[in-house]
Amino acid sequence: MMATRCRVQLGTAARFTLPVFALTMSACSGFQSALDPKGPRAAEVARLHWTLTAIATAVYIIVIGALVYALWRASTREPFIDEHQYHENPDQAGVMKRGVIIGVTATAIILGVFLVLSVSTGSAVATVRGDKPLRIDVVGHQWWWEVNYDDPIPQNQVKTANEIHVPVGRSVLLKMRSSDVIHSFWAPNLSGKKDLIPGHETVTWFRADTAGVYRGQCAEFCGYQHAKMAFYIVAEPRVDFEHWLDQQRGPAPKATDSLTQTGERVFLSGACAMCHTIGGTGAGGNIGPDLTHLASRRTIAAGTLPMTTGNLAGWILDPQSIKPGTKMPPTQLDPQSLQALLAYLGSLK
Amino acid sequence: MAYSQSLPMRDDVPEPPPFITAEVENDVRAKLSATWKEKSGFYGWLTSTNHKSIAKRYLVTAIIFFILGGLEAGMMRAQLSRPENRFIGPDLYNQIFTMHGSTMMFLFAVPVMEAVGLYLVPLMIGARNVAFPRLNALGYWMYLFGGLLLYGAFFFNTGPDAGWFSYVPLSGPAYSPGKRIDIWAQMITFTEIAALIGAVEIVTTIFKLRAPGMSLNRIPLFVWGQLITAFMIIFALPAIVVSSTMLATDRLIDTHFFNPAEGGDALLWQHLFWFFGHPEVYIIFIPALGMVSSVVETFTQRRIFGYPAMLLSMVSTAFLGFGLWVHHMFATPLPQLGQSFFTAASSAISIPSGVQIFCCIATIWSGRPRFTASFMFVLGFFFLFIIGGLTGVMIASVPYDLQVHDTFFIVAHFHYVLLGGAVFPLWAGFYLWFPKLTGRMLSERLGKWNFWLFFIGMNVTFFPMHILGLMGMPRRVYTYLPEMGWGPLNLLSSVGAVFIVASVLVFLSNVFRSLRFGAPAGENPWNAPTLEWATTSPPPAYNHLFIPVVEGRDPLWDAAPGELSVVSGLRTDRHEGLVTSIMDAIPERRYEFKKETILPLLLAIFGGGCIAIAIFTPWGVTVGAIMALIVLVGWFWPTISPDHDTPVARARR
Amino acid sequence: MKVCARISVIVLVGITLNACKREQRRFRETPPSATASNAIVMSTLQPGPSVVETGVRNPYEDNAYAVAEGKRLFDQMNCSGCHSHGGGGIGPPLTDDEWIYGSDPENIFSTIVEGRPNGMPSFRGKIPNYQVWELVAYVRALGGLQGKAVRTTRDDHMMFKESEQARDKGHPSPTFVPPTSVKQ
């Protein structure tokens, strides 16, 4: 009876493992995954992950194995017969003592190994690789990311939002501040997270070794739309990056045809200019993201929606239904004004 | 041992006989029943100071909060089961996850462990009541009022919504308008007072009211667990007293503790909160370790192996637990060298836990296991807690934590250690001690259904979260985008939650059925070794007919069947107990436990009113303090009964 | 005993209803209640039968979230540029009891949306109406005209004035004095 039960327990364990294993593997590829590293920081941690998981699994199997063995062995012994049953006999005591000491020593040694692995990985990821990293300032807002490319020459500084372009193979140093509450900058494909804390300036770095688009998300609860405060890191070859940076440095493209000119007028005369800046025009609001090169971005609303005319229209008319609680108010526009505005914003490449 | 010589004998009491005759027993039973009888009716219920009544109230209230917290979890899982789900919006979701965390941590986990302790500790050490019965009652009322405050507020849309950890500046005055966070901060005040009261009770009772002969090295491990936890509570709770008060004053009277522009710091909150928050989880875990020891001993019919090692590992867990808090703050700009220290400490704390587990396995190996529902819950504890412990050691590493911090990986980790490490042992203890509490046996069949449903449900709900965290899903999100690919695993998690709900329903039906139709339990249905099984089920109001005298660690196994040494000569005309020394439990003097009184309820109402009104105006503190002072004057009004057994009173006679 | 019970029920209901209103978070306003500026009048003199009741209500009176949002907008729309966090400067102070154009919510709404002589710009079309109502709620809080529990407390900046919650209740003067022309 007891032996059967033990066998049943082992069988159940086996039946669990295969689907679990398959599921675990699903984290391996995919975006915003810590197990799909595209840079040295994330790669070190991914390596650490597999090592630790392997050791932990082995330890678990051994300890549970010991437990199951103990249950089976104890169940198959003779039942107690006399009043000395409650005390262990001296032989048993010896075996148990040895077993516990071996277990504890093995635990301590394995923990020592963990500690060494952990500290060495920590040192490896802490120091910025390479010299002359690209310097970017990030300011966290509720619920979007302000991105400033630092440069000693003021007219070369770039201000954008929610999208960070970086050259492949060059380290990027981020200096981060928060304008309101605590946020956390986390792009799992590239590095671990770092908090943005009001009153402190925090620093993190990463390097993208493969070209691609990597998603990151705020990882510290910051209010209603914490769930939809994402950003994209676009790693591209150096030439493309320089080209992008040059384009971003320029003012907004001038409105040429009548539709876009109407749209510009709608933007400047309405509520938009109260909060947003479009470089080269009279709109100088600095409460919301800089929209100078809005149409060059892949997403709007901090990574929530892809940049399309329809999404932009929906966002402008009623942001509260997409991100309830966001600071951007709904804007009432008649259809012609809306189309003009969309045409103008679509021209801001 | 010449116990009789150490107690000053009165001249008018005859020398006790060597064996207690049936006549004497019946006489003492009748007198004690009359003296210790609790007042009936609603007023009697309000004024009770009997530790068992109060502990049962704590238990029932805590289980109700567990169910409420579980319902909140169910709503969260329903919302997260599909991407872009519109079941619950962000505002309500934020309130729900905050309520879930606050309920489980403040209103369920710590109180339920204290409840089990307050019920069992006096029984296990041979005392008649806890050391300060009125204070005990006060503790319960404060806990109840705190919970009512929080839930009352929640039902009126004023539930806190900044997380159970309530980080500033989000929870500060600038970013959390209204009174939601103030309610949270004052709920903390209520529950921390209740916890501190429970801790003081446990420490004093265990140190001074043990049965003669129960020296410190003969205390059951469950009682040691409660004692160690009580000390942890005393050292950890003040940190959150201070921080929640600072938050309340920042929000109410314009202080600047957490305002960086005026010299404060947002990180101060995190340090203070986690200095409490990390020991808090060990406060929840160590009593559970004690329960595991009791269950393993009973259901393997074997003394626990390595008592000193088990004890020292609980003590070292307690000490080390105070040195880990920064591992919640690895993503903040603290120096790397300092963070590495906390990595080492966080890893090291698994060594004492390992000792516990290995000693338990050794005990099982040498014993004769009986696969009752209680024992199966302990086996479930091993299977689940070890997973949680291993992921814990993984996240102790700074670079690893920086990837999984604030993701569902952490959610998975702490649910494995909390559910596996605390709730499973709690259930095991419940199935063990229910016969003692109620005099009825629980159904073993339903118990096993309870176990399997919860075990399966727990794994199906929380294991996928490890993977979700590694796939990039952060915590505290009310929804997620479909293109992230997190949908299937979230759906699986939510399905697991259904099993958990089913398990709790099975448990409740088991309890209700057994209360009515369960088989009557005798004094010691499991043949367990500790003193609580030496009295009737349920115990009478006075616990033991005669205070036992203890000669070993497992009194009921050490004594010959039917022959347990006892102390006689305690008075039966008042609530009298025996105070013994701390180290060796040598009797020192008699002690009178305070009887029923309305004062604890009054103090809770005035003190509680003071705290609740302080949410709106600082005048609440002034007015409430004055009223509480008046009650305290009544509380401490000296009463010397003419026949009080002190040298002064004796001289006066 | 029964009277006691009845009174406590009424008090509880009162507190809870107030709590309901105070803690509401409304992220979207349905259009009709977000507008309604046509019914505001600036003079008590009217032809024909006088209509005293304007029927305009601030949907955010006694709502803590709205007052907090109003504070955010007050800073972000640069009201402080002239009114300096309520203390006044180029523009009149908002924390005193003198309300030149009236202290009722509809008066303040009108002030913001229409502008006023002597320098108050018109924000019509620049700020959506529901945000104007949030500003109205905040301006009234600055003047001590909202309940204490609803007003904002300190913000996370340098403290240059006592917080809105710390000040006493405001007592707006019942009549306003039109600005007199400068005497030579």
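Letters are used for the chains, namely A, B and C, taken in the order the chains are written, and counting of residues starts over at 1 for each.
Heads up, the rule we're going with is that a contact is a pair of C-beta atoms (placed from the backbone, for glycine too) under 8 Å apart; a residue touches a chain by one contact, two chains touch by 3 or more.
For clarity, every value in this text was computed on a predicted model and none was experimentally measured.
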Problem - Remotest chain, subunit B as reference, centres from CA atoms - result: C
Exercise for the section: Find me the chain with the mean Cα position closest to the mean of all the protein Cα atoms on display. Expected result: B
Completion exercise
Separation of the C-alpha centres, subunit A versus subunit C, in whole Å, is 41
Problem - Mean-CA-position distance for subunit C and subunit B (Å) - result: 49
Practice task
Quick one: report the Å distance separating subunit A from subunit B, using the average Cα coordinate of each chain.
Solution key: 36
Practice task
Name the residues of subunit C that each touch 2 or more other chains.
Solution key: 25, 27, 156
Exercise for the section: For subunit B, jot down the residues that touch at least 2 other chains. Expected result: 91, 169, 174-175, 260-261
Practice task
Give the residues of subunit A that touch two or more other chains, as numbers and ranges in rising order.
Solution key: 180, 198, 224, 324-325
Fill in the blank from the handout: Touching subunit A in the complex, subunit C uses residues 25, 27-28, 31, 72, 76-77, 125-128, 130-131, 156
Completion exercise
subunit C partner, complex, touching residues on subunit A are 180, 198, 224, 269-271, 274-275, 287, 318, 320-321, 324-327, 329-332
Exercise for the section: Over in the complex, which subunit A residues touch subunit B? Could you list them? Expected result: 2, 5, 16, 20, 23-24, 26-27, 30-35, 41-42, 44-45, 48-49, 52-53, 56, 59-60, 63-64, 66-67, 69-71, 73-75, 77, 79-80, 85-88, 92-93, 96-97, 99-100, 103-104, 107-108, 111, 114-115, 117-119, 121-122, 124-126, 142, 180-182, 184, 186, 188, 191-195, 197-203, 215, 217-228, 304, 324-325
Handout entry: Of all residues in subunit C, those that touch subunit B in their complex
Key = 16, 19-20, 22-25, 27, 64-65, 67-68, 148-150, 152-159, 162-163, 165-166
Practice task
Could you pull out which subunit B residues touch subunit A in their complex?
Solution key: 89-91, 94, 162-163, 167, 169-170, 174-175, 260-261, 265-267, 300-303, 305-306, 309, 331-333, 336, 340, 343-344, 347-348, 350-351, 354-355, 357-359, 361-369, 371, 379, 382-383, 386-387, 390-391, 393-394, 396-407, 459, 463-464, 466-467, 470-472, 474-481, 484-485, 489, 529, 554, 557
